[in-house]
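To keep things simple, chains are lettered A, B, C and D as they appear, and every chain counts its residues starting from 1.
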C-alpha cells in the first residue's frame, strides 16, 4: 500500500521542472514559435550601422545557457562529481560570454555619436579604446 | 511560481533590448535591458528551491570575471575572432549541460528520459559541440593562425564523408530516442558527441577564410538553437525564448550578408568559394597610373564633394583616425565629405561603421550603398581606401567573375578616383579590378594610414 | 485502497484540458505576453490606408471565441439544456462575425487598386458595390 | 496532440494575416490567411474527442450564414455601425461561454473552479457583457437612432455612480474568486453579469456621437481581451494568441486616433467632449462669398495643381464617384490632382481612403496629411469637399476651441480655396471655421454630389 501512495504523491506534486505533463512540450513549442516571430520582426529593424554590436549582443544573450549550467552545477540532487564539474565548466564558459559580450557591445555603442555629441542621455567617457 | 514570473520579466527585457537596438540613439538602453534580463534570469535560477550547492555556483562565476573582461578589451579589428571564440564557449556550455543531464538521468532517474526529452538532449548536444569546434576553427581562420589553412581545405570524397558522418549521427540519434535507457545507450551517446565535435571541424574547414563572418552568424544561430533545445530539456521558457531570439538573429544576419555578397546561402556553406583562382587572364599588361599624395591633396582641395570608400585595407592599416583628420581638414574647407559603406566591406557586417564610429566620425555621414550610388556621378573625387572587390565594376558585367552580380559602389562613376593600396595584387576574391585601369583613376600606392597621413599633411600646409 | 489508486490514476492522466497542472497558467501568461508583443509589432506596420479594413479583419479574428462556443455547444459532458443553448447562441453570434467580418474586409480590399489596375495577383471582378 | 499543433498552425496564420495587411498589395493574401486560420481553428476544435453533439454545432453555423452575408453587404457609409454591431456579437459570445462554463462547473465539477479559473471567468464575463451593451449603444449612436441621444448624455453625480458600480463589481469578483462554490455563488455571478451589462451602457452613453470610432476601437480591444480570458479558462492557446492580437490592434488603433484628434485617451473616454457648445461668439457677421460651379470650373481649368480635401460631407453625399469623374477630367488636362487625407476625416479611421478606393481612384494619389502639408503653398486650387473641422485654422491658434492643437490640413495656405457644403452651420465639433471667411475662399453651397457633378459638366463642355 505504501508504494502506491508514495507514487501517487510523487506524481501529484513533483516539482514541475521534473515531471512535465505530457502536453507540456506543446506549450513550449508555442512559446518557441512566437519568440521566433518576435525575433525576426525585431532583428529586421536593427539599423545596418549596428550589425556588429548586434552580433556581440545576441552572442551575450545566447549565453542564457548559464541558467541550465546553474541548475546542473548547483542542483540539490546528488550529482556524481564529474557531472557537477561539467556543470561548473559550462557555467564558467557562459559567464565569460555574458561579461565579455555585454562589455564589448557597450564599448562599441559608445563610439556611435551624432554630430552634436553623445547619443542617448548617458554622458559616457571618451570613446578611445 | 515567482521564478516563472521572473523568467517572463527577463524575456520581456530581452525583447526590449533587441528592440532598442533598432536605432543608435536608443542602442545603449538596449544593452542595459539585456544586462538586467540576464541578472534576473541568473538570480531567479539561483533562488530556485532545488539549487543548494551555492559554492559550485559562485566559484565558476567569480572565475569567469577575469577572462570575461579581458575578452572584452580586445582591439576592434579582432572583434570577429572574439565573437567566434565566445560562440565556441556558448556551444561548449550547451553541450556540457546536455551531457551532464543525460549522464545524471541515465544513472539516477531513468524514467525522466522520455522520447521527447531524449530527442531534445540529442539536438542540444549535437548543436552545442558542433558550434564549439566550428567556432574554434572559424576563430583560427580569422586570426590567420598558421597551421589552419586560409584557403578552403577541400579533398576529393569530401561530400561523401560529410554525408556519411551525418547519416551515422542521425541513426544514432534515432536509436537513442527509441531506447534511451539501454545498457549501451551511454556508448551511443559518446559516439554522438564525438561525431558532433567532428562535424564542427568538417563543416567549417572547407569554407574559405573570406566567408568566416557569415559562418560566425550561422554558428550564432546554432548556439541559439542549442539554448532552445536546452530549454525543451529543462522545461524552461526563458531558455526557449532567449534562444529563439538569438537563433533568429543569427539566421537573419547571415541571410543579409549572403544577399549583400550576392551569393546563395548554401553556396557559402557548401560551395568551396575562393579556391585559389587560376591567375586572371594576363592579356595585355594593364597600366597603373601612380600618383603622389601632394598632387592628390591639391586635387582634393578643388573638389566640391568627396566620397570615401573604406574597405578591409583601412581596417588592417588602422587608418580610421588619420581618415578623421582628413575628414576635418576637408570639412573646414566647406567640402562635403561622405563615407560610402558597402554592406560587406571589410570582414564583418557593419565593420566599417564601427571603425569610423571609433574615430568619432558622426554616423549621419556614413551613407548606405543604395543611398550613395545615385549621387556618385555628381561626386568630384572618390577616394577608394583599401577597398577592392566592393568597387570592382567586373561584378556588373563579367559573368565569369566570382563576384558577378554582387551589388557594388559605383566608384567608377565619380569624376576622379584615387585608389589607395599597398601593392598590385588582387583583393579578397583574388581577381583583378578594372577600376584601377580607367583613365580617371590614379593609384596612391602605400599603407592606407601612411598615404592618408601624407595627404592630410599637404592639405594642412598648403591650406588656402 | 481503491480510491487512492483511482485518485492517482485520475491525477496522472486526466486530459490536460481539464486538470490543468498548477504551473500551466504561467505558460499561458508567457503565450499571452509574446502574442501581445507580436500584435503591437505587426499592427504598427499596417499602412494608414487600410485602418478601416484592419478593424473589420481584427473583428473577424476576435470571433475566435467560436472555439469556446463549440466546446460548450458540442461538449460530450451532459450539459443542462440552458447551458447548451447559451453555447449555441454564442456559436451563432461568433459565426456571423466571422462570415461578415472576412467578407466585408475582402470587399473593401478589392477596391484598393494601383494605377496599372488590380493590386496583388488575383484578377478580381469589378469593384462596384 | 494533433489538435494543439493545429492551433499552433492557426496562430501562425493569424500572425501572417496581420503581417500581410501592412501593404495594400499583399492585403488580400492577409484575408486568405485569416480565413484559413479560422477554418483550421474550427475544424480542430470540432475534431476534438470531447465534442460529440455535432447537431448542436452544425445548426448554429448554418443559421449564421444568412445574417453573416447580409451584414457584409452593408453600404460603405454604414461600415462603422456594422463593426460596432459585430463587436456586440463578439462580446455576447464571450460572455455566454463564460456563464455557461461557470453554470456547468458549479453544478457538476465544482473542483474545476480554481481561484485562477474563477478570476478568468469573472474577467471574461465582465469584458464580454460590457462590450455587448457598449457596442450596441455605439452602433445606435452612429446610426443616429432617434431615442439614443447623439449629444453625450451627462448627469450630475455620474462619476460617483460609475465608480460605485465599478467598486461593487470588484468586490463581487473577489468574493467569487475566494469562494467559488458557495451556495450563494450563482447569485453573486448573476449580479456581476447585470453589473457588466450596465457598465457597457454607463460607459458609452456619456460619450458624444463624434468619438464613437475611438470607442469602437477600444471595444474591439475589450472583445479581444475577453477572448484571452476565455483562453485562460479553457486552457486554449489559440484563444489567447488570437485574442491578444485583436486586443493589441484595438489598443493601437484607438491610440492612433486619439493622437490624430490630438486628444488624450482618457479625455475621450471620460471627458464629455462635444457638449452642445454655447454658440460661437457671434461678433461681426462674417461674410460668405458664394460662387457658382461654372466659374469654379473655369478657375480649375487654369490650375496647375489641385488638392481635394474630402470630409464627412463627401461620405454622406456619396459623392466619391462624381469626384472620380472630376479627377479624370482634370487628369486629362494634365493637371496634377492629389487627395489630402486627414487621419480623422469622416467618421472612421481611413474612412476617406475606403470611399475613394471604392471609386477606383489609385491609392498612390491619396496623400497623408503630413506629406501634403509642405506642398500646400504650391497648390493652385484646394477643393474642400464636405470637410470642416479638419481644415479649420482655429485648431492652430484658438486655445479656447475644442479642436485646439489638432493637426489640420493647411488648406488656408493654398492659392485659392473652394469650400463645398450645404449650409452655414458648423461641422462636427460645432464651431465656426475661419477658412470660409478668408478672401481667397469661395463657397460652393449645395450637396457635395450635386456641386461636383455641375463642375464636371462645365469642365466637360468647356473642354479645351
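Here are a few things to note about the model shown:
Methods note: a contact is a pair of C-beta atoms (placed from the backbone, for glycine too) under 8 Å apart; a residue touches a chain by one contact, two chains touch by 3 or more.
Because the structure is predicted, anything quoted here is derived from the model rather than measured.
Chain centres computed from CA atoms place B at the largest separation from chain C.
Chain D has its Cα centroid 21 Å from the Cα centroid of chain C. Chain A and chain C, compared by their mean Cα positions, are separated by 32 Å. Measuring from the averaged C-alpha position of chain A to that of chain D gives a distance of 42 Å. For chain A, residues touching at least two other chains, in rising order: 16, 23-24, 27-28, 30-31, 34-35, 37-38, 42.
Among all residues of chain B, those that touch two or more other chains are 11, 15, 237, 241. Pairwise chain contacts present here: A-B, A-C, A-D, B-C, C-D [touch as defined]. By the touch criterion stated above, chain D contacts chain C in their complex at residues 11, 14-15, 17-19, 21-31, 34-35, 37-38, 41-42, 45-46, 48-54, 56-57, 59-61, 63-65, 67-72, 74-76, 79, 82-83, 86-87, 89-90, 92-94, 96-97, 99-101, 103-104, 107-109, 112, 116-117, 216-217, 220, 223-224, 226-228, 230-250, 252-253, 256, 341, 343, 348-351, 353-354, 357-358, 360, 362-364, 366, 368. Chain B contributes residues 1, 4-5, 8, 11-12, 15, 237, 241 to its touches with chain C in the complex. The touching residues of chain C, counted against chain B in their complex, run 23, 26-27, 29-30, 33-34, 37. Taken together, the chain C residues at the contact with chain A in this complex read 1, 4-5, 7-8, 11-13, 16, 21-24, 27-28, 30-31, 34-35, 37-38, 41-42. Put simply, chain C touches chain D in their complex at residues 15-18, 20, 24-25, 28, 31-32, 35-36, 38-40, 42-80, 82-84, 86-115, 119-120, 122, 124, 127, 129.
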